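Chain nomenclature is as follows: A, B and C, assigned in order of appearance, with residue numbering initiated at 1 for each chain independently.
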Amino acid sequence: MIRVEQIAKRYGDVTVLDDLDLAIPNGRLTAIIGANGAGKSTLLSIMSRLLPADSGRVFVDDLDLSRTRSALVATRLAVLRQDTTMTARLTVRELVSFGRFPHSRGHLTPDDHRIVSDALGFFELEELEHRYLDQLSGGQRQRAFVAMVLAQDAPYVLLDEPLNNLDMRHAARMMRHLRALVDERGKTVVLVIHDINFAAAHADHIVALKQGVVVAAGPPAHVMTETRLQDIYDFPIAVHTIDGVPYAIYYR
Amino acid sequence: MTAPSIMAAPVSPAEAPAEPRRQTVRRRLALLALAAVVLVLAYQFAFVGDADAGYVMGLRLRQLGALVVVGAATGFATVLFQTIANSRILTPGVMGFDALFVFVQTIFVAVFGSAIVVDVDVRTRFLIDLVVMSAFGTVLFRWIFRRSSRDLFVLVLIGIVLGSLFTSLSLLSSRLLSPDDFLTLQDLTFASFNTVDRHLLVLTAVITVAAISAGIPLLRRLDVVALGRDSAVTLGVDYHRVVTATLLVVTVLVAVSTALVGPLTFVGLIVANLARRVLPTYRHSVLVTGAALWGIAFTVGGQFLVARVLDFSTTLTVCVNLVGGVYYVWLLLREATS
Amino acid sequence: MSVGGGRQPIADRVVDPIGARSRGPATDRDDDRCDPEAARRRTARRRLVVAAVVLAVGSFLSLFVGVISVAPWSILDQDSDAYRALVISRIPRLLALLLAGSSLAVAGVIMQQVMRNRFVSPSTAGTTESAVLGIVLATLWFGGSSLTVRMLFAIATALVGTFVFVHLLRRVRLADIIVVPLLGLMFGAVITAVTVFIAYRYDLLQLIEIWTTGSFSRVLQGRYEPLYLVLLGAVVAYVFADRFTVVGMGERFATNLGVNHARILNLGIGIAAVNTAIVVVVVGAVPFLGLIVPNVVALWAGDNLRRTLPITALAGAAFVLACDVVGRVIRHPYEIPVGTVAGVIGGVVFIVLILRARTDRIG
């Protein structure tokens, strides 16, 4: 379980996170939603120890993130942020193999190779494994990075806007893959996502942020109501249920 | 060697098509090593003429020692530096180390007077220089990185300006010295591999080897650092510690080679980029070896050229800075346009 | 994008160059409340006068600093050493200082305005280095010490070098203003590498050392007069000040207002390059002056070139004067070249400016 206790983050006199408390349920797909500037990405960065909080603590399975060695945390928690620019020229397989670093420190065993192949297979990247990353399309690149996260084999997987720059088809496919991570591999997946309908369609648990605090948390049916959504986003949003899933319609 | 066919005996899928690339890397590395060895041998044994062979051999051996040490140190240091700075266009060489060296010498003489300085053994002096330069360099880099870790250009710009500043400070301080002190200072700062003291050379070689050995354990973690700060932290690398340790190693290596032969500003840049170009891999263990070999080829080959072909009408540093400077501007334009 | 990021955009201040002036002389303080623009101009004018007076006093006093003691009363006697020192050395030196300082500062501010980057200057665009190359070439091919020949060569090479740099820059899509001075310094270093290469071959290395460290100790009556040529450039610059400002707002803006962007840009760069070359030939290089003085002045006086040009010139002159006095006083009777003192102060200020520029961006 990931427990966030009284996390605060300020930039100058702007409070981004305001003594926030949160508990992420195990073995579920949790989506964090909210308007821009609500603090979603900051929260995820703090939860993954990429950013230090001004106050408060984060516990991953009772490990205090601020007190635990990064290498140990890396075996429990895997993160993918939005910014995937880098100078190294790598093939898909090489990138995914880096996911094994917390376990193997660079010396890959046959077991590691097996896990890497498995991750490549899970995301349907076998044919591309020896292509260089800059030769891939956006969707393929994104899958490669998530495959690296899978290869890291950590029980908690955190992703910041994994659907950015993906077209409809690839976005839907990515969400199905993430769903499979939970259903087939028993991982706990936490996503920051701005498209609330994808959250509604795939998440088990939705957490809504507004001005640095949690304003709603629960299953989609609970959070995706017209009153709650209006509260979160400050403008009227209609909700229509299709095939049992509550979808937000706000296009007019 | 032909690429393994699909029908061949079961090879783990990880190894199969990666093989040709690994072969290429291995082959090229071997070629580089061969070229370096050939150049070294040529330098040592070619064109002896009727001069006293013993003397010439001894002299050349010492010069070679300096050249090899400097070339390898520079290549190794620059590759490491470029990874943590996340840029191909940066090199510690342009950051004013040579100016710092002169400045440190100047302060030394100004504070302690030339008499004391001359009494002190050249090796002790060298070590003190080294410690001061390394400490300063590390603090400087750390400070700049902390303030603007995403602004590499700022780092380089400040480095260049500091170089100019140190030069002016040195000139200023040297004018405040007495004429005796000034002469002593001139001797101290005239660094040239032509006149390398034998003991100093051994000391330099030892320090270089020590620094490189300290750097080797960092190489695997630097492979991860090359993915970017966030990815490195996520994968459990202690980013802060790795960067600081690497900076220390880099600073020592650059300080050593500057103290020994003066400023070879652009050599590191050229050889690091050549190594990346020629060796298509992300592994730092391979890249630093390649860069070190290129470094040796450049320094030894360059000096060979200067001595035999250009007949000493120029010096190694002048020549290299010219070629390197043009290359640098080209690289800069390419990076700025992208 | 204005040259001084973070300050008031230029458009706000320049738009009415005719209108405000035609409103008639602003008189009472009552009017200040109704006409803040006129009040601002009056304050600026007052400041300018004060600055000019301070500079004049400082200049006068500096005449009495030096190896030969010159006391105010001894100059009345035309035969004394003091009088000769004054006329042959001190006064020419002072005039040279003022001319050099002001013209380098003006060169800097013009370049910054038309190139829309506050870190461009003769020291960061290869201009100074190109001028030195010209001097070396002149010495190589024509030998001797003809000031005129050296000046012609220096002007030619400075123009070529600077224009090459400017047009290199046009092809680069700039992501960051910091890239420009970086490119400029490297470009300068490459030119220096060429110069050193040539100088080494023909044993002219000491020349480079002399010309890259500006020193006014060589200035004597009869040897510095060419420096007056910079006044020509200064006059042209003042006349064209508004047009430079418009060019500083961008190509499209300028064309819209009927200003020939390319021609004015080239004129501005040309003036800067020529003036720099003249100063380098007569006196040597004074590093970073053209960079830091305009920037510091802009912090107080803004970006309107017509208004800041005189202040910048005064500030440049004052800075060089101060460096010179410091250089002569620190180790009296020995003299430390202005170039060295300016290098130290200039370097520190430049770094401060860079860091300020960075922190303005972050957060």
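Note that in this section a residue touches a chain if its C-beta (ideal position, glycine included) is under 8 Å from a C-beta of that chain, and two chains touch if they have at least 3 such contacts.
Computed from a predicted structure; not experimentally measured.
In terms of inter-chain touching, the protein chains here are arranged end to end in an open line. Core chain by CA centroid proximity to the global CA centroid: B.
The centroid of the Cα atoms in subunit A and the matching centroid in subunit B are 42 Å apart. For the pair subunit A and subunit C, the distance between mean C-alpha positions equals 55 Å. With centres taken as mean Cα positions, subunit C sits 37 Å from subunit B.
Interface residues of subunit B facing subunit A in the complex, by the touch rule stated above, are 12-14, 17-18, 86-88, 220-221, 223-224, 226-228, 230-231, 233-238, 280, 282. Across the complex, subunit B meets subunit C through its residues 94, 147-148, 151, 153-154, 156-158, 160-162, 164-165, 167-169, 171-172, 175-176, 313-315, 318-319, 321-322, 325-326, 328-329, 332-333, 336-337. Of all residues in subunit C, those touching subunit B in their complex are 168, 171-176, 178-179, 181-183, 185-187, 189-190, 193-194, 196-197, 200-201, 213, 287-288, 330-331, 334, 336-337, 339-344, 347-348, 350-351, 354-355, 358-359, 362. Interface of subunit A with subunit B (complex): residues 48-50, 69-75, 78-81, 83-91, 93-94, 98-99, 101-102, 105-106, 110, 113, 116-117, 126, 129-130, 152.
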